[in-house]
Every structure is written in C-alpha cells, then in structure tokens.
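Look at the two complexes coming up: chain A is in both, with chain B in one and chain C in the other.
After this line comes the complex of A and B, so read on.
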C-alpha cells in the first residue's frame, strides 16, 4: 500500500528538480527569477516534509524572500544601466555582458567538485542510526534554551554561527566597495494601494520578526529567520521611499553591520576564563547571553540584508546627477 | 464531524485554486488572468484557512491562521493590483482597457 504522502513527496521532489532545471535553462531573466523564487518556496516545503521547520523558515525568509527581492532589484538595476527600463522586451541572459568561457568552466568545475564532495559525504555517512539526536538531547539541559536547533546553533556550535554572521558582514562590505560608482535606478512608482498595504504590513512584520526571534528559544525560529523578516521592514521602507539612505547615516549603518559580529565575538571571548573556553557560556546566564546575542545578531542581519537590497553605499556624489557607466 | 467539515472546506478551497490556475492558463490576456487568479485564489485561501482553523487545536493556532489568512489575502490583492497597474501603464495588457 502506497502512502499518499509518499506520492506527494515524490511529486514535490520532481517539481523541485524540474524548477531548478527550468530556472537554469530559461533565457528571460525575469522568468528565471520567478522560477527561482518558486523553487525556493517548494524547497521550504520539502524541508517541512523532512521535519526541519527551522531550515524551512530560513529557506523561505532568506533563500526565497530576501534573495528574490535582491535578484529583482538587480534585474531592475541591469535594465536601468542597459537602457531597457520600461521596455516590454524580455531581457535575455546574453545581451547584458557575455561571460568568458573560462569563468563558466571554472564555476562549473567548482560546483561539480562541491557536488562530488557532498556525494562522497552522503555515501560515507551511516545510512541508518541515531545521528546526533541523542547526544544533543543529552546536552540540552546545559544549553540554556529548550529548542535543540537553537541550542546547537547558539551554544554547542556557536563558532559556526559566528562565521555565518561574518559572511554577511563580508558581503555588505564588498557590496559597499564595488558599487561606489553607479547611480541608483529610479524607484518605480507603486501607487496608493501599495502604500496602504505597506502601512498595514509594516507594524505586523515588526511583530512577526520579533516573535520569530523570541520563540527561537523553545520552538523553530531564531536570529536568522527573525532578521530576514525584519529586513523586510527595511525593504518596505526603501520601496515606499519612507526612508531614503543619506550619506550622513553611513556611520550608524556601519555600526549596525558590525554590531552582531562584535557582540557575538565579545561575549564568546568574555565568558572564557575560570576553567571555561571561549563560547562556553556559564549555565546560569546561558539563556540571557543567548538571547542577547540573538537579539543583537538579528538587528545586524536585518540592517545588513536591507543594506544589501539597497545595494550601494549612499554617497554624496550621486545626489547631484548621474554617475552611471 | 469537525474533521469532515474541515476536509470538505479544504477540498472546496483546493477546487477554487484549481479553477484559478485553469483561468491563469486559459484566459487570453493579463487582466482576465488576474481576474481569475485573485478572486478564485482569494476564496480558495479563505476556505482552506477556515478548514485548517477547524483542525487547529489551540486558540493561539486559530489566531495565527486568521493572521496568515488576512496578510496573504491583502498581499495577493495588492500584488494583483500592482501587476494590473503596471500592465495598464506599460500597455502590456494586449488590447484590454
């Protein structure tokens, strides 16, 4: 007897692979992005089916929501610099800038190596067995939180999570470096209905993002998911032009980018001593410290993602006129 | 009894989603497609949310489902409006008003 959910899972897996192939093979950039967003949503569903709601939330919020917005914003910018803004013609892959064959081959090579490595890791891993569930469950009382995923991410393997925050910081530093010379594409006028929706959604997003952060201690959620949802506040503010980045705000923005990494690293180092190593929080303060780190990191992630969406350092020279290439 | 009602509601909601999708695939221009999608999916979503709320165990879960319904409904209505607005301004509608 076939399990109906088995059929659903098979269809879902097929759809995900088909969407991945379609988004790689379609020639129109807009269709490509839309297909990628649907691919991300179905991947999130797949994570739910794999009983990994934390990953599903992250995939839906960061992998699909924020990344989709970033890609669409990039497409808007590409259309602006290539002079095809407002034209109905689909913007294909080829005319933007031909990618040298060497780069394509190198990328294909590296992707192939990663796939190969994953395959080896997958084949090398024990097919059945308890995994780390028992170990984590055993150590949970020492973590300071009730949700195993948060315990692993913020306590047992906090170093990895710190590195993830550093990656985001590096990304925003790189974006602020390379986009200096380009001017903004004009923001599309979205109309009153959109403005009304944004006004309605903004406070709700703030509540949902904070809730995701808070609930991370005992249920799926946490800094990355909450931060991505809060980044949507930044996106809405930028899109409705309720907030226009000013060069004078750069100091605050830089502070917010670094805040998460700095506070995380500082706490990790300060708890060391008296027989403890770095990242080994004292048990009685573990929950407070984890919540402190998560709160600060959430703020940093939200500001960083919103800044990535804005895409460039707000420099004074762009105010006067065009400086696009 | 409650399970049956929920199943009927969710099944009906799914039918509306299928109808909306058929409309999206079959209708000639962007405005007709939006008409099919936004209305049918809006009703389908409401029915599925109602069915899910019947199955939800706690008042908190029901509240979350109501919130999700409200924001997905307003977001999809706004998206429909934005697509129609863009299509009308850029003339992508293909002969519609």
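After this line comes the complex of A and C, so read on.
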C-alpha cells in the first residue's frame, strides 16, 4: 500500500462506481445528467491511467461531451412538452406504467448473476494473452503513420472505420426522419456572459480541434477526437444563435454528411487494382491518403454531430407558422 | 494489485449497474443513460485487456475498437433520444 498511484487508482475506481450508482438513483433528471458527465470525465481519466490516451480523448469529447449535450437538449425538450419548463422541481418527466416490485427484484437478481459470471470470467482469464501487439508493431512501417492506433483505425482496420462513418450518417438520416414536423422547444435564454465565453472559446476550439486531427499521425488524437472538438464549435454557434439553420442550407448540410463516407469509400476503391485490395494504400502515398481521409472525415463528423444535436431538419418559416416541406 | 485488476473490477461493476438500470429504471431517459453506462463498462474491460505492464506499450487494436464503439454509441443515443422526444410530443398531444 505504499504506492501513491495505487491509492489514486483505488480512489478513482471508487468514485467512478459511486457516480454510476448516483447518476441512476438520483431523482432529478438534470442532476442525473450532470453526474453522468462527471462519471464520463473520470472514466476518461482512468483510461489515461491505463495508457489509452486516444480512447480517453474520444470518451471525453464524444462519449461525455456530445452525449451530455444531447441528453440536456432532450431534457429541455421534454420539460417544454410536459409544461414543467420553468419549475425548479421538475423530476422524472417520462413516467411509464409502474412495474410490480417482484419483477424489478427478479430483473435485478438476473443482472447480478450476469455480472457475477463476468467477474468469474474476468478473474479466470489468462493474465496477458497474446494480443495483436506484435503483428501491429511488425506492420507499422507499412502503414504510413507513426501512431499505432491511427494506423489500426485508418489502415489495418479501415473497413471498420468506414462502417463507423456510415453508422453516423445513418443516425443523422434517422433523426431527421423521426423529428420531421416536430415543433421545436424555444431556446433557453442565455446571458451576456455566455456570449462573451463563446467569443473567447470559439477560436481556441477551432485550433485545438485542428491540432488534434493533425497530430493524430504520430501521437494520440485523430479524426474522431478532432471532429468532436470541432462539433463543439457547431454547438456553441447553435446555442448562441450566431448561426440559425436555414432551409436553404439543407443541401450543403446533406453534402457535408455524405462527404466523409464518399471520400473514404472513393479512396478505398481507387487504390484497389493493380494487384492491391481495397484500403491497401501504396506505401509512398499512404500518409497523404490517410491525412486526406482524416481531414474530410473530421469535417463530416463535426457537421454530423452538430446536426444530431440540433435534431430537427430546418424547415421553412412563413407568416402562418412552420411548414413541413 | 495492479491498475488492470482495479479498473477491470470497476468496469464489471459499472456494466452491472448499467444493466440493472436499463432493465429496472422507470424513466426512458434514465434507461438510455443506463445503456450508455453498460457501454462504458465494456470499454473499460477492452482497455484493461489491451493494457501491458509499463514500459511495454498497450495493444492498439482494442483501443481502436473502443473508439469505434464510442462513436457508434453516440449515434445510437442520438436516435434513441430523437425517438423519446417524438414519443413524448405525441403523448402530450393525445392528452390535450
């Protein structure tokens, strides 16, 4: 017990578990979301301790930042719809039919059994099985980048990453369809401090996001982390009403959603041929191609995440109100 | 006790808490959040599996898998939340 880092690990682990319990058991939904955001940031810290800075960046930016913003936006909408917007004591706004206590207890019991099974499997697993470390280290010189995680994401397992971008595209299409014709909750009133903050933060966020994208080739960072940070620019612009989505901008937005997937797939198809398979970049152009894909995908991710936050497709406003076109 | 053991147990605990929440919570928003906790728990186990005793570098493949998982999870969350917003609006119009 002399190692201070181990005490830190234990305290952090306890805090993470306690926050997970607290976020699910607290009655107020706003408190629930705030506790979840703290939980996500501490999890990211734990992953830094496990020497996974890329994953920690992605979790902090996407898993916690963007997800937290989405949850808060939904809570605002639910409170507006249920008419509890201005009330301090707005609690659970989406009650479902009460479930008998016996069923809840049985469910909890089964969950406990599953968790126990996982625990036995985890403790019984071999300490360090053979991983992909050696294979990746051997193939790194052919990847065109120096950072192993970027090499895996954009080269060795690029097909997974392409599908990931497709999932994002599918999500934004689904959200636009689901929210079609839905009226929007009025934006919350923001004070002057908020405007000043946005003015100061926006340039810094743009620089940080671009840096994360660029540095991904040799150090932790990359398209997804950079894209999420740039999506924060979109969120700030939407929240401060500096940018109000117009129906005329739908074409540009659609283009930006598809751009990443299209460019990624196009590169994959173009490098195929001449004895190579898809995603087998020619070595002398590998770095250029990976950076090109990452740049375009980053832009696409940023616009898509901001659109997921905005939700509803921008529709035409007229004298009589909204028209669903 | 090494970090992988401590955080592996944390991951299992978080996964279990999320599972209970997803099945037993009475509220839609809370259920979505509980599923997100499950995904973080699974991420913990993958990151722990990739960890190697320093100075050895960790296995990059599980890291890439977790990053993919985080992005897929945010997409799924966005769609689930859009469905909740739509459902709530429909229920509110029914009551009027």
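Note that in this section the second predicted complex is superposed on the first by the 278 of 325 C-alpha atoms of A that agree within 3 Å, B and C clash if a C-alpha of one lies under 4 Å from a C-alpha of the other, contacts with A are read in each partner's own complex, and residues count from 1 in each chain.
Here, a contact is a pair of C-beta atoms (placed from the backbone, for glycine too) under 8 Å apart; a residue touches a chain by one contact, two chains touch by 3 or more.
This is a predicted model, so every value here is computed, not measured.
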item	value
When chain B and chain C are modelled together on chain A, clash or fit	fit
Contacts of A:193 with chain B and chain C, given as first, second, both or neither	first
Chain B versus chain C as contact partner of A:146, first or second or both or neither	neither
Chain B versus chain C as contact partner of A:218, first or second or both or neither	neither
Chain touching more of chain A, residue-wise (chain B, chain C)	C
Three-chain overlay, vertex chain A: chain B-chain C angle, C-alpha, nearest 10 degrees	90
Partner chain in contact with A:204 - chain B first, chain C second, else both or neither	first
Lowest inter-chain C-alpha distance for chain C and chain B in the superposed arrangement, angstrom	20
On chain A, positions contacted by chain B and by chain C	none
Complex contact set, residues of chain C against chain A	1, 3-4, 6-10, 12-21, 23-30, 32-34, 36-37, 39-40, 43-45, 47-54, 56-68, 70-79, 81-86, 88-89, 92
Interfacial residue positions of chain A with respect to chain B in the complex	86, 88, 190-191, 193-194, 197, 200-201, 204
Residues on chain B engaged by chain A in the complex (per definition of touch)	67, 71, 74-75, 78, 81-82, 85, 90-92
Chain A - residues contacting chain C, complex	6, 9-10, 13, 16-17, 20-21, 23-24, 29, 32-33, 36, 39-40, 43, 46-47, 49-52, 54-55, 58-59, 62-63, 66-67, 70-71, 73-75, 77-78, 81-82, 92-96, 98-99, 104, 107-108, 111-112, 114-115, 118-119, 122, 128, 131-133, 136, 148-149, 151-153, 157, 160-161, 164, 167-168, 170-172, 174-175, 178-179, 182-183, 222, 224, 301, 305, 308, 311
